[in-house]
Amino acid sequence: MIGHFSALGTRVVAAALAIGLVAAPAAAQPLTPVKVVLDWAWLPYHAPFLIAQDKGYYKEAGLDVTLEQGRGSATTALLLSQGGFDIAHLNITNAAQMVGKGGSIKTVGLYQHKTAAAFIGIKGKVKLDGPQSLKGIKIGSTPGGSDALSLRIFTTANGLKLTDLNIVALDANAKTAALFGGTIDAVSGDSPAFNAYVRATGQEPVDLQLANAGVPLVGFGFAANNAYLAKNPQVVAKFLAATKRGFIESARDLKAACQLIQAKVHLAGTIERCIDYNQGLLALSTPPTDPTWGQQSTEEWTKLISTLKSAGELPGDDKPLGTYYTNDFVPK
Amino acid sequence: MIGSVFWPLLSGAVGLALWEGLVRAFNIPVFLLPAPSQVVLTIVQQWSYLLTQLAITMLAAGLGLVISVALGLAAGAAIAGSRLVDRMLTPWLVIAHAIPKVVIAPLFLVWFGFGLQSEMFFVVAFTFFPVIVNTVTGLKSADPEQLLMVRAMGATPAQVLRKIQFPNALASICAGIKLAVTLAPVGAVIGEFVASNAGLGHLLIRAVGDMDTSLAFAAVTVFSVFGVLLWRAAEWVERRVLPWHPSQRETFLLRDANT
Amino acid sequence: MLAADRIWRRNDDRVTTGESIVLEGVEKTYGGPGGVHAIAPISAELLAGEAVSIVGPSGCGKSTLLRLIAGLDLPTRGTIRIGAKPVTGPVPDIGIVFQRDLLLEWRKVLGNVLLPAEIKGLPDLEPRAEELLRELDVDGFAQSYPWQLSGGMRQRVAIARALLTRPALLFLDEPFSALDALTRDQMNVLLQRLQITQHVTTLLITHSITEAIFCADRVLVMSGRPGAILDDIRVPFERPRRLAVRETAEFTAIGRRIREHFEKAGVLVG
């Protein structure tokens, strides 16, 4: 019977089989789609996510991750709670406030345990050597912004009154211009950003870090929508693990990371400024290579919640800590 | 003819030269106020990026405008045709128009999410009112004797609307649409500030936040030039639609002998 | 000329064209009993094919009367019949020319003339439209916009529009009052020429005594508030008439008769 097949026909069948065997693994499981929302529009510290996409870490974890830029952590927390997204990268202080208001999200990882909130000025133009040095200088702050909250907590923690400070209300974008223009002496804002901006103009910054001045607020981490978390716990865990890889790779070679994000999403500024910004944030965070990266402690959460409560940010009844956060999904 | 091009150009050139001179003389840092030369350089360097973002903004503006005009004409006709509809609908329209859109913008984001749909909502919010108001005024301005005349000819209400009221209203409607055409891109950009991660508005937010002021200026320049082109296009369409209207006729009495 | 003579003789042979109009006790009051009494009970009969003019001072109710006959308004009392049919609403087969030409500025002249055909859904009337424009000496402007025409030309277009669908009745409500005197004379000649070539019952409302006589076979003198018919005068002149006929003794006699009514009514003091 075999003799009836032509020699050419046998070769064709064999080739087809070979191609099929090679192609099969590539046409394996479809990737799980995950909708991730960031805290803000693209900024230097978002590089790890793009690295995880670019180097295939998400794909290897079986995930098809879409990254959407945000409009502030408060809004991101709200969008996450509404279910418009599955996972968010955001400031966990805002996430805690959202939970306190009854939002259905939960923090699944926290890597920046010290808030980036600070007062930043230009060396030679202002002295920021302690809480008392803030009296009598013009401080730019965004009303209703996150720095307004940290400002309030700072004054309470240091025996000052808000009225002791000369606060100039400014739009978030206008703060930078005002600092360089000299219309204010210091900004109330995130130190990694402003330090990098000041250095990029060839000047030296001075700052007063609120985390060192009695403000136990926290910084960036991850949160998930509760319904999504209940239905897809594996996905969340895999996402965090793959993202950690991205963070590790980014910290390992910040220059390459900055080049990637600049090329991919039209990030403005120099590579140096991008690296500077990232380094500033890393200084306030757990190193990505650390096995405890992302883990949250009862102590820091208790402190955070009581601080927010006394600042009037958590209305209503006390919720158990378990509603706010979980370490179950942090990568080991 | 030369005069109508030469003097505006000269004036523009003088203005730009002053700006350039001021920036150089006072050594103003580029992130505070870029010189025109820097802005032009940025436009050239980032040409394709700027154009793709412009296209997104204009797409949202265009789609929103189409919806706005369609809804506006329908609502205007309904209001002009029925006192009851007028009394019940107009208060809502006035409120919707008076609310500062930027204030309720975050709500749009929460309700509709990021993207084109939110932007289009913004565009409609910005542009529906002039269309409706001008449509109502136009439809109500029909000559009562002409209405009597066609009624005498046996015209049905639909015929009256189509043959008398609507053509008579066209000049007013065109004015309303021209206003909407200039407001639509603005609405799209403001929508992008809040609820879109693409387009010139988004670009502006990032550029200003990143202190890339020359890119911000470049975006504003590109946007403005396009806005002027849109206006010209709207006038061109109006000329085609209203060839008979007094506004389109040459008024010899007002012509300057020197032009 | 020859055709006109033939048609006129046909009228003499009692071949009726157009429709007759009969008014019985027609009265109009605005604003309920005790309101404005616009028209006192009027009874009259206008024969088919007649050219009738109603002359009277402003406010005597002649335009109101025209609207009642056209069915654009209903009388408070009395009946109006056109042909044998009572008038209960807008009469379909009427061409009306108003004091303002009411041309649609956004349509060219030809489009304006064709408006009644569009509204009534009558096809293929373009040749007739063009023929009417020719008759009215404005055929060169068929593709022009109304703003490009003089007042007199615009009114001619309005007349063409009124005649497009070959109505049985042609009503003209002070159609030439807005025109200058010379143009007005020209239009008078035109109108009575039209009355020969188009077979319509014509009703002309005017406040010009000369025009009323020149353009009609019969003049109804109307005056007072409430409006009433004071006189019904036959005009004997043959058609087609020339402007010079206005200087004849007979013409001036009729004019005097009409003027005396107005003097008696206190409308004219002269």
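Labels A, B and C are assigned to the chains in the order they are written; within every chain, residues are numbered from 1.
Heads up, the rule we're going with is that contacts are C-beta pairs under 8 Å (C-beta built on N, C-alpha and C of every residue); 3 or more make two chains touch, one makes a residue touch a chain.
Note that the structure is predicted; figures quoted are calculated from it, not measured.
Chemist: Closest chain to the protein's overall Cα mean, using per-chain Cα means, please.
Modeler: B
Chemist: Going by C-alpha centroids, which chain is farthest from chain B? Tell me that one.
Modeler: C
Chemist: Find the geometric centre of each of chain A and chain C from their Cα atoms only, then give the gap between the two centres in Å, rounded to an integer.
Modeler: Between these chains, centre-to-centre, one finds 86 Å.
Chemist: How many angstrom lie between the CA centroids of chain A and chain B, rounded to a whole number?
Modeler: 38
Chemist: Measuring centre to centre with CA averages, how many angstrom lie between chain B and chain C?
Modeler: Roughly 51 Å separates the two chain centres.
Chemist: Could you pull out the residues of chain B that touch at least 2 other chains?
Modeler: Expected reply: no residues.
Chemist: Residue numbers of chain C touching chain B in their complex, please.
Modeler: So the residues of chain C touching chain B come out as 70, 72, 90, 92, 94, 96, 98, 100, 102, 104-107, 115-116, 118-120, 145-147.
Chemist: Could you list, by residue number, the parts of chain A that touch chain B in their complex?
Modeler: So the residues of chain A in touch with chain B come to 41-42, 68-69, 71, 75, 78-79, 82, 84, 172-173, 176-177, 180-181, 197, 201, 266-269.
Chemist: Under the touch definition given earlier, write down the residues of chain B that touch chain C in their complex.
Modeler: Residues in contact with chain C: 143, 145-146, 148-155, 159, 163-164, 167-168, 170, 242-246, 249.
Chemist: Would you tell me which residues of chain B are touching chain A in their complex?
Modeler: Its residues touching chain A are 29, 31-32, 49, 106, 109-110, 113-114, 194-195, 197, 202, 205-212, 215.
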